[in-house]
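Dropping the structures in below, format is C-alpha cells.
One chain, chain A, links the two complexes that follow: it is found with chain B in the first and with chain C in the second.
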Partner chain A sequence: MRNILFFSLICLFLTSCVERQPLKILNRGEEVNGKMVHERIRDFSFTNQDSVEVTNKTFAGKIYVSNNFFTTCPSICPTTSLHMGRIYDKFLEDDRVRMISHSIDVRTDSVPILKRYAEGLEIEAPKWNLVTGNEEEILSIAYDYFSNALKDKTAPGGFDHDDLLVLIDTNRHIRSICHGTDPADVDRFMKDIEYLLKSEYSQKK
Partner chain B sequence: MRQYLLLIILFFISIVFLTDCKNSFSDGKYLYETHCQSCHMPDGIGLRGLIPPLAGSDYLKNNYEKLPCIILLGVEGEMIVNGKTYNQPMAGIPELGTMDVALLINYINHQWGNDGKYTDFREVEANLQKCE
Partner chain C sequence: MKKIAALFFSKSGKADRYVLLISATCSYKTTFAMFKNIGIILILSSIFLLSCGETKPKEDPLQKEREQVYKEVMAVHDEMMMMGKIRGAQGKLKKMMESDSTNAAKYQTAYDHLQVADDAMMNWMKQFKNPPENTAMKEAIEYLKDQKIKVQKMKEVMIENLDKAKQIAGFQDI
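Coming up: the complex of A and B.
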C-alpha cells in the first residue's frame, strides 16, 4: 500500500513536470483596486489587400499573429514571410487564428501592390491581412507589439525593423513572441499558438 | 631516392589541389549566404509564389548561359520555374567580380541535389557579352 502511494506520487510529480507553463500576459500590468490591469493593443484602423478595413473588430473573439514588413525589403522579410506562411498553412482551417502584417513602407506599398504580394504568397484575407494605412499610425502601433519600425536611410530598403512575430489573445494582450527568421523559435511559437487556443477557448463556456 | 622525392612532391600538389577545391566551394557558400540566401532561403526553396527555388530548378538547368547576367544585372518579368509562374523583379548584385560569379554558379549548381555544369571566370566573361 505504501509502495503504491509512493509510486503514484512519483507519477504525479513527473506529469506535473511535463505539463507546460501557462502563457503569461507580457504587457506591463498595474494593480487597480486589487486587480491586475494590463496594457493592451490600442484601437486601430487599416486597409488590407482587398481594400477592406481591418480594425480590432476583425480580430474580436480571435487570437492573432502580428508582424511588420514591406514588399521591397531585401533582408529579413522573405525569411519572415516564409515562416509566417508556415503558420498560415498550419492554422488555415482554424478560423479562430488570424494574421496581420503591417507594411511600414506606406508610400510604396499601395493596395494593388499588397494584393500582388498576397497572391505571390498564395494567401487570402481575412485569414492573413497585409495592411497599409496612415504612416504615423502604422509606425507607432509597432510599439504596442513590442516591435521597432523606424525610417532609416542607411538600412537595407530604407526602413529599420525587426523580425518579431507577436501572438495576441482575445483580450488584446501579448502572450508570446518569436524571431521570424529563426525556424526553431517559430516552431516553439506555433506550439504556443496551439496552447493559447486551448486555454482561451476552454475558459469561455 | 628520386622516386621518394617525386612522391612527396605529388603529395603536396594534391594537398594544394584538395584544399583549393574545398576553399572555392566554401567561398561560393559564403557568397551565397551573403547575397542570395535571404531571398532564395538556406535550402534553396525560394518563397512560395514570390521567389523561385534554386533547388531542383529546371530554369537554372536550362538557362545555364544566362546565370552570370541574372546574378550581376538581375531579372524581371514573368518566368516559369518548375511549371510555376513567378513575376517579381530580382535586383542584380553588380559589385560581384567574374570570379565571384563563377564560384556562386558552381555552388548553386551543386547544392541541394543540383547536378549542373562547372564554370570558370573565362566562361562567365564570355556569357556576360550576351546579356540583354
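Coming up: the complex of A and C.
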C-alpha cells in the first residue's frame, strides 16, 4: 500500500512538472533571410467612450484583448461582454493588460452611446476602451484581427457574428484566441493571458 | 491504485461492494490497510453520492416554449446578420461611383438597396428587447412570437433588397 502511495505521488509530481508550450504567433508568417517574420496589427486611430484617441501607442508595452461588438446587438454581444467583464475584473489591478472593443456599427454607436454602454457594464477607460471611428478603418482592422484567427474557417468575410476574443502581445502579434460565448474557452484564454504576462515581462526585466 | 479504483466506482453508489470485492482479491495485509482507510473512502463516496443526487429542477413547459421561440427568433437574426459585409459593399460602391461617373446613378441605386436591407436589420434590432427573466411566461412568449413574425418580415425585405443590389451592381456576393 505504501508503495502504491509513493508511486502515485511520483506520478503527480511528474504531471505537474510538464512545461507549458509557449504561445505561438498566430499571424501569417514568411521566412526572410532564414528568420520568420510575422504580419502585425496595422496602425490605427479610434475614439473611445471618453472621446479620447486610442492608437497603437495606448497599448505600447502592454498586452491587450480585442473584440468586436455593437450596442444594439441582441444575440452574442451581451454574453461576450459578460465574459470580457470577467477578464476586466480579473486583471483590473494589472496595468500591463488592456482591452479594446470595436463597435462595427459606427453609424449608430456614437461616443455618448458608447459611454452609456460602458456605464452599464461598469467599466472604465483606459483599461477597457469601447471605440468607434472611420467605418472603413474599423472594418479593415477587424479583418486584421480575424482573418488570422479565422483562416481555418471556410466562411468568407463575415465577422459580424464572431464572438472571438483575440490576445495581442507587446509586438502587435496575435497569441491566443477564444470564443467569448464559451465560458470554458474564456477560462483557458485567461490562463493564456497569465502565461503571456509571465513570458513577455520576464524577458524584459 | 485499487483504492483509487474503488473511489472511482463509488460514483455509481456501489462503493462498499467494490471495496469488499477488491479486498477479497487482495492479500490479508492489504485488506487490513484498506479498512484503516475505509472511513476516508466512505466520506469521499458520500460526497460523490451527494453531488450526484442533486434533484433537477422540474421542467416547465412554458419555459421550454419561451426558450424555443427565442432560439427561433435569434436563428433568423443570426442568419441575416451581415452588417460588416453590407457596409463593406457600400464602401466599395462609393469608390466605384467616384471612379466611374457614367454608371454612378446605377451604383447609387444598388447602394440604396443595401441601405434598405441594413435599415431593416438595424430597425429590428433597435426595437427588440428580450423580456427580462422575471417577466410572466405567457407574456414573454407572446412578445417573442410577435418578434418572430417581425424578424421574418425583416428577412424578406433584406433578401429582396440584397438580391436587387447584387443584380444592379453585378456583385456575385455581398
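The definition used in the following text is that the second predicted complex is superposed on the first by the 176 of 205 C-alpha atoms of A that agree within 3 Å, B and C clash if a C-alpha of one lies under 4 Å from a C-alpha of the other, contacts with A are read in each partner's own complex, and residues count from 1 in each chain.
Methods note: a contact is a pair of C-beta atoms (placed from the backbone, for glycine too) under 8 Å apart; a residue touches a chain by one contact, two chains touch by 3 or more.
Please read all numbers here as calculations on a predicted model, not as lab measurements.
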Which superposed partner A:D160 touches (first chain B, second chain C, both, neither): second
Touched partner set for A:D50, first chain B, second chain C, both or neither: neither
Partner chain in contact with A:S75 - chain B first, chain C second, else both or neither: both
Partner with the higher number of touched chain A residues, chain C or chain B: C
First, second, both or neither for A:E135, with chain B first and chain C second: second
Touched partner set for A:E119, first chain B, second chain C, both or neither: first
Touching partner for A:D185 - first (chain B), second (chain C), both, neither: neither
Chain B versus chain C as contact partner of A:I104, first or second or both or neither: second
Chain B and chain C contact sites that coincide on chain A, given as residue numbers: 74-75
Contact footprint of chain A on chain B as seen in their complex: 38-39, 41, 47-51, 86, 88, 91
Residues of chain C defined as touching chain A within the complex: 1-4, 29-30, 33-34, 74, 77-78, 81-85, 87-88, 91, 122, 125-126, 128, 130, 173
Complex contact set, residues of chain A against chain C: 1, 4, 7-8, 70, 72-75, 104-105, 107-108, 135-136, 139, 142, 156-161
Contact footprint of chain B on chain A as seen in their complex: 74-76, 78-79, 81-82, 85, 117, 119-122
